[in-house]
Amino acid sequence: MSRLQELLEKGEFVVTAEVGPPKGADRESVEKKCAQIAGFIDAVNVTDNQTAIVRLSSFASCLIAHSMGLEPVMQMTCRDRNRIALESDFLGACALGIENFLCLTGDHQSLGNHPQAKSVFDIDSVQLLSIFRTLRDEGVFPNGEKLKGRVVAFLGAGENPFGDPVEFRVYRLMKKIKAGAQFIQTQAVFDLEAFARFMEEVCRLHLHEKVAILAGVIPLKSYQALRYMKEEVPGMVIPREVEERMKDAQDPKEEGIRLCVETIKALRSMRGVRGVHIMAVAWESVVPDIVREAGLFPRPGKEGERGEDS
Amino acid sequence: MIVGERKPIQEILAVLASSRRVLVLGCGACVTVCLSGGEREAHEVAALLNLRGYEAEYGVVERQCEKEFVMHAREAVTRAETVLSLACGVGVQTLAELFPRVPVFPGLDTTFMGAPLEVGLWEERCIGCGECIVHRFGGVCPVARCAKSLLNGPCGGSKNGRCEVRPERDCAWQLIYDRMKFLGRLEELLDIQPPKDWSPSRYGAQRKTIREDVRV
Amino acid sequence: MEQALLLYREAFPPSSLALEEFGKRFGRFAVRPIGASGDLSGFSFVVVLGSALWTEEDRAVLSASLRINPLSLFVFPYEEVTSLPPAVFHMLWQGFLARLAPSSSAVRARVLLPTKSVLFYPSAEPELLDIFESGGIPVVSPPSSFSLTRQGVDFAMMPEGKRIGAFVLSPSWKETTPVAFDDETLSTRRILSLSDFWQSLPSLSLWGKNVVVLVSPWGFSSEEWEMVFALSSLCQEGASVVVLAEEVFVAEDGFEEQYRQAREKGMLFERVSLGEIVLRPTLDMRRIQVTARATKDGFPLSFSADWCVYLPERSMVLPSLEGILASDRVLFRPRVSENPNSLPFSTTLPGVFFVPFEKKKFPAFFAVVREYLERPQAVELQRLVIDEEKCALCLTCLRSCPWEALSIGGTLKRRRVEVEEERCHHCGICTGLCPARAITLLGYETNELRPVLVWSESK
Amino acid sequence: MKIRALGCERSGFPALLKAKKEGMLSVGDCLEVFSLPCLGVVSEAMLFELLKEGDLLLVVGCPPGSCYNEWGSTLAEKKIRRAQNLLDEAGVKRKILLAFATEEKIGEVAKVLQDVRVSP
């Protein structure tokens, strides 16, 4: 069983963070980022060519993180690989000790840096989840053939509570749970009210009992970063108050961290939220401060020990 | 219908290069209706080529994908050094097959199968995946109309009913949701759609249909 | 420079009253008779003292021939009005002048001269080609496959688009016998066509023989009638010759005289109804019993004929234009025009003629075609014509019409686009957009456009 | 230089007559004036065919908002722009000028011709 799964089952409020691999074969860059957050988080997500921009592969970066003793969550998107490649990579990752998988559809390639590429989208995230689940639980490939041996995997999915049609989002979550999602990492939460509505609905349907929901947060570095996210990143909803706070801030970095911590605190008290997922895109160094200020440090150590810091 | 777009004129001029006598051959079917390769367009290109110093004539056949119709243009084709076809990719190939000695160039980029929504506006509706499943989605095809061909609901980028990839397009899943809600069949969307069988699609290999009962 | 010009016809010069009023309206003006030379352009108002019977087309012809902007041409029905009492004339003339304003209404007709060239279809006899070539009308030879589309007063030969003014059909002639002969009668081998009989005359001895000549009223030529009259010489050789015809053809120079002479020589002419003639072989199978009924008194006639000679009945078969005038569904079966006002040798399609059977008439035929090609013709402008066979039913026209004048009609089997004439404002937006080129605004096809005015600086 | 001018019969043609009278059109050696029912009737092919025997095409019609046939002028404007682009792309150095003018307001005719006069 993966450590992330273990902590969640124990009822810990977990912290995960995202690491973006470099645009190059720069192993040290991954190691540096991992080292910065080691001990402050329970698992690290490695993105899979996020926003369709080519980077060091998620698989390789996960291995690097794993070798450093971190718990990696391997993100897998359906944009670049068909079911053959995805299944094969899944088996390979399992063989090498990666246990957490985040199944995503993936951003469209026309938004990335290779818009000329041919997209795959052979299957979607829900189907990917169900394929992995059947492989794990039933030992069967989608074509009916038997899998040799067994695999251990903790399966997750993304969800954007703010996307349209909003009423359908909870049901989509339900579909993902049905397909095999055990944990959910949501899109970054800025609009707490809207997220609370979403969670209410989740609890009403008792979905929070079936899946661990980790709410996403993003520490804002500057007002420009906010504008960029609001305009360019699909599915991002940022309310007016947040925008104004960032705009008027003396020290935007400080304000961004403060805002993020406040959000985490609010999320922690929200029913059904089982953890946070910090997406400090290209600002991984801020994660320790946030975790500390949010009162989430120290993290529970391996075998019940407390993580060592300083 | 098949929708196409005329190639940029510079591209056309580049392929015509040294040939003088050019036949611009349009097609009277889909590309006429989508205003990209009918008689009007053929005349337009021919007139422009004439201004450029070519000896261009133009013509149109009923359907350039069928040999019997293309044969009507035989005389004009043999008169020309080069044929610029304004038909879809199917028509160009039929033409090239029928007249192997004459260089045939495509003057049109075949873009998609779609429907006209208003004058001068066409939208893709079908990708010919080989297995129609629109009935499961309230008559809106997610395979053709969702940028990611998602079968199990919208991606996270759907905003105000618009697609994240092309904000001026409708999000197919918003349409499906609205339609299913209207039909009172929302619960059907909770069924997990299994991975699609792509073998009858283009990805299976070149497709061929044979109707044994009508073959003589 | 004067603003106004008063044009009049020599037969109806303007009265002093007319001139006086005209002067009051325009101050300085010019007065010229129609046909006088000189530059007539540049006047804002050209008033013509004309007739109420002039049509729009007459006006168009006039403006084109005088090179006047048709928008500045105004016709006053002077011919009818000039004889009225001066007070009434004065009132009408004054009212007309007062209402004159620069016209903004469209001219609905235009004058075009057909292209001076002829296309023969399917082929032409060399004599005819010579006549046309030497007469200065070029003959276009058709490619092996082509089609014709009407463009204004011309035809365009597709796919090249070469224009021809007149299209001449060479008909084939189907010959039949004027009376149905049964096999038994034919087996006597005493029935011959006139030309066969004529050729075998030298070898026949006709003394004391009876010759019956049957003449059909359809498709004969005058040469053949001359041959019939010439048979009277057989009477002098001791034969008796009876001509049974519905009508004796004498409507040619000298035929009256030939007819009289033939009768004097003893040739018999009987007007009968050919349909009532009965021919039976005699028992010895050497002669044919011909019974008929005289048209004038119903008197039964009976002849025992040693030779039965007939003048074949000819019917003209025009070549089918299916596939050639294919884009013009209604028109591809031309018939011989029965309109007494139309030109001889013309068909129901304007500009389509047929070659006469008799070579003698070739010069006359040439004259008719030349006359047609040299006469300017008024063509209707601004009527929307939809070529149903080209139409791809793409609905572009329907969706772009500002007046909603187009609609989908037709039948369940074949839909078609229909124009509602009352709504159509003849703007031509649909013609400009139609991808199949199926809609024509008459007069505004690209190759029909002619400049209304030409200014040359070097002049 | 041979100019061929197209005018719609409601505005363009009368405007052309007036412009000629006021000497605005003395740009080329020869001027041919065509009358159209509305500018909506033009097609790119028609413009190209007319350019075959002319160096410059001057199209004059009602201002877009006041076209009698609603969008006749608007469509013509788009088609002319498209035709001009095609000409430019094809490297054919001929111009199609569009002026919105009526008999009362012919200023634009002179304006569009100005460039031609400066750089013939």
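A, B, C and D are the chain letters, set down in written order, and residue numbers restart from 1 in every chain.
Following the convention adopted for this analysis, a residue touches a chain if its C-beta (ideal position, glycine included) is under 8 Å from a C-beta of that chain, and two chains touch if they have at least 3 such contacts.
Note that the structure is a prediction, hence the values are computed from the model and not measured.
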Chain nearest the overall C-alpha centroid of the shown protein atoms: B
Task: With centres defined as the mean of C-alpha atoms, identify the chain lying farthest from chain A.
output: C
- request: Could you quickly compare C-D and B-C and let me know which has more C-beta contacts?
  value: C-D
Geometric centre distance via CA averages, chain D-chain C, whole Å: 40
Task: For chain B and chain C, let me know how many angstrom lie between their CA-based centres, rounded off.
output: 49
Statement: CA centroids of chain B and chain D: separation to the nearest Å works out as 35
Approximate Å spacing (C-alpha centroids) for the pair chain A, chain D: 62
Message: Please output the residue numbers of chain D that touch at least 2 other chains, ranges allowed.
response: 43, 45, 49
Field: Multi-partner residues of chain B (at least 2 other chains)
entry: 40, 43
Contacts with 2+ other chains: residues of chain C: 400, 433
- line: Listing every touching pair of chains gives A-B, B-C, B-D, C-D
- request: Enumerate the contact residues on chain A facing chain B in the complex.
  value: 78-79, 83, 105-108, 110-111, 119, 121-127, 130-131, 142, 158-160, 163-165, 167-168, 171-172, 174-175, 178-179, 187, 234-235
Query: Contact residues on chain B for chain D in the complex?
result: 8-10, 13, 40, 43-44, 46-52
Message: Considering only the defined contacts, which chain B positions touch chain C in the complex?
response: 28-29, 32-35, 38-41, 43, 57-60, 75-76, 116, 118-119
Field: Contact set on chain D toward chain B in their complex
entry: 43-45, 48-49, 51-52, 86-87, 89-92, 94
- request: Quick one: which bits of chain C touch chain B in the complex? Just the residue numbers, please.
  value: 143-145, 159-161, 390, 392-396, 399-400, 433-437
